[in-house]
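In what comes next, subunit A is part of two complexes: it sits with subunit B in the first one and with subunit C in the second one.
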Partner chain A sequence: MAEPVLEVHDLHVTFSTENGPVPAVDGIDFAVAPGQTLAIVGESGSGKSVSSSAVMGLLPSNADVTGEVLLDGRQLAGLPNDELRKIRGNDIAMVFQDALSALNPYYSVGWQVAEAYRLHHDVPKKVARRRAVEMLDKVGIPDAARRADSYPHEFSGGMRQRVVIAMALVNDPRVLIADEPTTALDVTVQAQIMRLLDDVQDEFGTALILISHDLGVVAEVADDVLVMYAGRAAERGTVRDLFFRAAHPYSLGLLGAMPRVDVPPKPRLTTIPGTPPGPGSITTGCPFQPRCAYTHLVGERCITERPELTPRPGEGDHEAACHLGRRPEVIL
Partner chain B sequence: MSDELLALKDVKKYFGLRGVPWQKAQAVRAVDGVNLVVRKGETLGLVGESGSGKSTLARVATRLLDPTQGRVEIGGKDVTKVKGRRLRPIRRRIQMVFQDPQASLNPRQSVATILSTPFRAQGLRPTRAQLVELLEQVGLAEEHLVRYPHEFSGGQRQRIGIARALSVKPDLLVCDEPVSALDVSVQAQVLNLLADLRDELGLSYVLVAHDLAVVRQVADRIAVMYLGTIVEEGPAAQVYESPAHPYTKALLSAVPVPEPGVSRDRIVLTGDVPTPVNPPSGCPFRTRCYKAEDVCATKRPVLEPVEGSTEHRAACYFPELPTSERTQ
Partner chain C sequence: MPDLVWFLIRRLFGALLVMLALSLAVYLIFYAIPADPAHLACGKPCTPDRLEQARHFMQLDQSTLQQYLNFLKGIVAGRTFGDGTAAVHCNAPCFGYSFPLARPVTTLITDRLPITASIALGAAVLWLLFGVSLGVIAALNRGRILDRLAVGVALAGVSTPSFLLGLLAILVFGFWLNMVPVNGYVPLTESPVDWAWHLVTPWIVLAILQAASYIRLTRSQMLEELNLDYITTARAKGAGEARVVLTHGLRGVLVPVITLFGLDLGGLLGGAILTEKVFSMQGLGDLLISAVGQLDVAVVVGVTLFSAFLIILANLVVDIVHGVLDPRVSHG
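Our next item is the complex of A and B:
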């Protein structure tokens, strides 16, 4: 892999609440190189969104973040807010799921994109506006010069998401974090947005961190995948490692549970019993053990000992955190 | 036909937009002339994007909304005009499962109360054994009777919603996006549950969903909606294997497949769905269609049999020809 632009080492996030500390992310590592896409996959409560917000320094004040967040080798975690503000939106930008709440209903979209530019560039308003129109055009807003004066409510969901992407890209960020960018969109619009993100990466060499629960989207755009479960990494590897050589029972379960549109249906979907644990339910053993179909093959260790990521056969750095050393056979 | 459970005949549902004084009041044409039949024992998948009118159609079919025009027939009987108390026998045959189990369960009622409500609405008093049986049918247990909705996970709440719908032993369940609020692993559990209940109880379903993969997993027959009309319908295998309507084809091609390296001939549609207040003349899809010609703007195409099939129909002047050998 090329030199990574963003590296995260041993990231821990713990929220202090009335009911005591709630660990949400419990030691994860990831890295992404220019032009590459890393997908972080997981179900609700797995800590995937918290991890990315931690990278951006966007967590509320009751979050305790430890670990290294390195942008070009420079430590971001623990930087004072005014330093972080120079990086946020400039070197690292973020696109959220809900475009409507990411935009201010009071200002025209052109103004909002221009403002994002002026926050990091000392230029006259006119120049910023020109830049905004240029970006809106680039993300496929038709008739951008005129539409720049429209307000968010005058756009459809897909167009709003384009505006948010324009805003995120206006400063040529090195890293773009997209948190479920297409979840709220219809599938035909989703296809448009995924193509747009792909074009953007080709043109600007942006590193993309895509947070998603949709394995279809992940299979299509990701180079590397990190599967999270209960605040930990269950498995990581290239996209082909994950889809063709899944080594963690949870990854395998997720793949089996996905219905597919392109092949005749299976009589039954494979399921994972139970429900994903909420944040804070981090245990001593393997967090997936209560739902795991393979735990009887290993025994006590699953309950007593936390599995660490260990190398698995694959293309690159394929690793899984499971005591079952070999690839699990599919159980139906 | 005797095995017709539900039939919708030229159903329209318009919602009035309140007019401002200087403008003429306009109507949102949510459902704009739909004919649809659900037969005994089948699962009909109703798919479409947001704003296509699929949820409105489901609510008209369950008589939760009155159609602006057209007829709703249940078991061959016209029930369009049935009101109030006389709706009860209909509710007994058709029940609905909603998308958001959080919002469709009363947080202040215990599961026992929630499950007895449909009985009481029918003037019945359920026994405890009946309630326990319902819970067991959906994979829950007797101990859950005294609990409240907040004590359950999303998937379990959806099971309670399904149990409630099953309480009056309906023939037909109309499920509006039953799994879209659930995590993937839990979604699969609920889909399998729906399939099991169908086999055990001989239920029929109308499954309203935007997720085409989910629908393929469970439906026997598919109806694709666009801007309030059905643009294609037919046996699931045929519609998925060789879609005839350009919209269906584009829609299917847009769904990402969970397998890296699978190349898909993707048709990326441009633009957005037009507003149902002022739908395009002629074919509603023509503004985004890659095949549109002048004739498409003149008159709305009607559903016509696709070459080589009697069941598979599409409303298009230039339907796609069957691509491969049909799997029958």
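Our next item is the complex of A and C:
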């Protein structure tokens, strides 16, 4: 892999609440290189969005972040807000899930894209506006010069997401974090938006962190995948490692839950039984143990000992955190 | 823009209907009260003959409906009471004639309005500034000492009767500290400095009383606003905290604040009765109270209708301002 632009080592995020500290992210590592796409996959509450917000320094003040967040080798975690502000939107930009709520309803989209540019470039409004129109045009807004004066509610969902992407890319960021960028969109529009992200990534060499629970999207665009469960890494590897050599029962469960067109449909969609543990409720053992179909093959160890990431066969750095040393046979 | 023109035409037409219905209601209420203005005009001793004369002169011997129609006609064409040398003219737009004060109601209102408007507008500027800034400060310091302080001021403000605060202010700043005039009014055209100097105490007193609801409204709206996704977007773009709050947060807060402000100001322009009384200012409120005391029904009806007109006008202005502040509001 090329030299990573963003590296995260041993990231911990703990929220202090009235009921004591609640760990949301419990020691994860990832890295992404220019032009590469890392997908972070997991259920709601697995800590994937918290991780990306931690990278951006966007967590509320009751969040305690430790670990290393390195942008080109420069530590970001713990930087004063004023320093982080210069990086946010400039070196690392973000695309949010719901473009309608992510855009300010009171300002025109052109103004909002231009604002993102002016926050990091000392240029006259006119220049920023020209840049905004250029960006809107690049992400495929038809008649961008005129549409720049329209307000978010005057756009369709797909066009709004294009605006959000234009706003994120206006400063040529090194890293783009897309937090479920297509969840709120129709399937056909989803494909257009993913293609757009792919295109701009090729053009600018942006490193993309794609947060998603849509394995179909992940299979298509990701180079590497990190599967998160209950604030920890369950498995990581290349996209082929995950899809062809998944080593963690949770990853297998996710793959099994994905509807497929190449096998005869089952009467019901497959699910992973049970629900994820609440944050902080599992202190020893494997967090996935209560829902795991393979735990009887290992026994007591799953409850008493927390599994660490260990190397698995695959391309390069394939790792999984499971006591079951071999690849689990598909039961279902 | 034609949308707005049509909107205005429709709203003005609606306002006219409301005013008409209102004038009928007000007229009927005040003429149904068992008191005879003619009796007061006729003086003592009052012979049945002279009473009948007065009644005829004041056109009170006609049916209630006829009197109402005369009133409406007077607005368009003016009215004349009596005939010959004793005739009294009331030029259009004639909203009634005050026999005790021997002046047309229209003139009485236009004479007193500058005083009430001076009090109301000055106070309005103060309470809007104080209320919104304190509300923003409270929201940004939620749960901390500044927040408690602002909310405490707000609570004290709503709970204090205006006559108490007004009298205390006169006692302390007027008599003890001898800083400001105790009462009286100087027209703006005569001496702007004296005008402001005489008004500063009522302004502050009214502002303290009114600011309370603005502190609370701004605080709660801002807290809600700061949780919205587009605020996170603004931070992710690299906006500083001041910009996040003032440019992205405040805009949404202003919409409900302006609504309240318009209605409060409209109401106050109809006469700040207690405040005018306490500071011995002869504004509309003072005119209304004296008229009630003297059973001067024409003035009571006139001032009541004028206040209602101001409320309707304020509503219209608020609706137009909404369209300017919030692009999602359509006047179509």
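Just so we're on the same page, the second predicted complex is superposed on the first by the 322 of 332 C-alpha atoms of A that agree within 3 Å, B and C clash if a C-alpha of one lies under 4 Å from a C-alpha of the other, contacts with A are read in each partner's own complex, and residues count from 1 in each chain.
In this section, a residue touches a chain if its C-beta (ideal position, glycine included) is under 8 Å from a C-beta of that chain, and two chains touch if they have at least 3 such contacts.
This one's a predicted model, so the numbers in the text were calculated from it and none came from an experiment.
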Mind checking subunit B and subunit C on superposed subunit A, clash or fit?
fit
State whether A:Ala219 touches subunit B only (first), subunit C only (second), both chains, or neither.
first
More residues of subunit A are touched by which chain, subunit B or subunit C?
B
Taking the superposition as given, does A:Asp98 touch the first partner, subunit B, the second, subunit C, both, or neither?
second
Quick check on the superposed pair: does A:Gly89 touch subunit B, subunit C, both, or neither? Answer first, second, both or neither.
second
Who does A:Pro276 touch here: subunit B (first), subunit C (second), both, or neither?
first
Once superposed, minimum distance in angstrom between C-alpha atoms of subunit B and those of subunit C?
5
Just which bits of subunit A does subunit B share with subunit C as contact spots?
none
How about subunit A: which of its residues touch subunit C in the complex?
56, 58, 81-82, 85-90, 93-94, 96, 98, 101-108, 115-116, 119-120, 151, 153, 164, 167
Under the definition above, what is the set of subunit A residues touching subunit B in their complex?
43-44, 156-159, 186-192, 194-195, 213-220, 222, 239-240, 243-244, 253-262, 264-266, 268-273, 275-276
Complex contact set, residues of subunit C against subunit A
228-230, 232-241, 243, 248, 251-252, 325-328
Listed in rising order, subunit B residues that touch subunit A in their complex are 49-50, 153-156, 183-189, 191-192, 195, 210-214, 216-218, 237, 240, 250-252, 254-262, 264, 266, 268-270, 272-273, 327
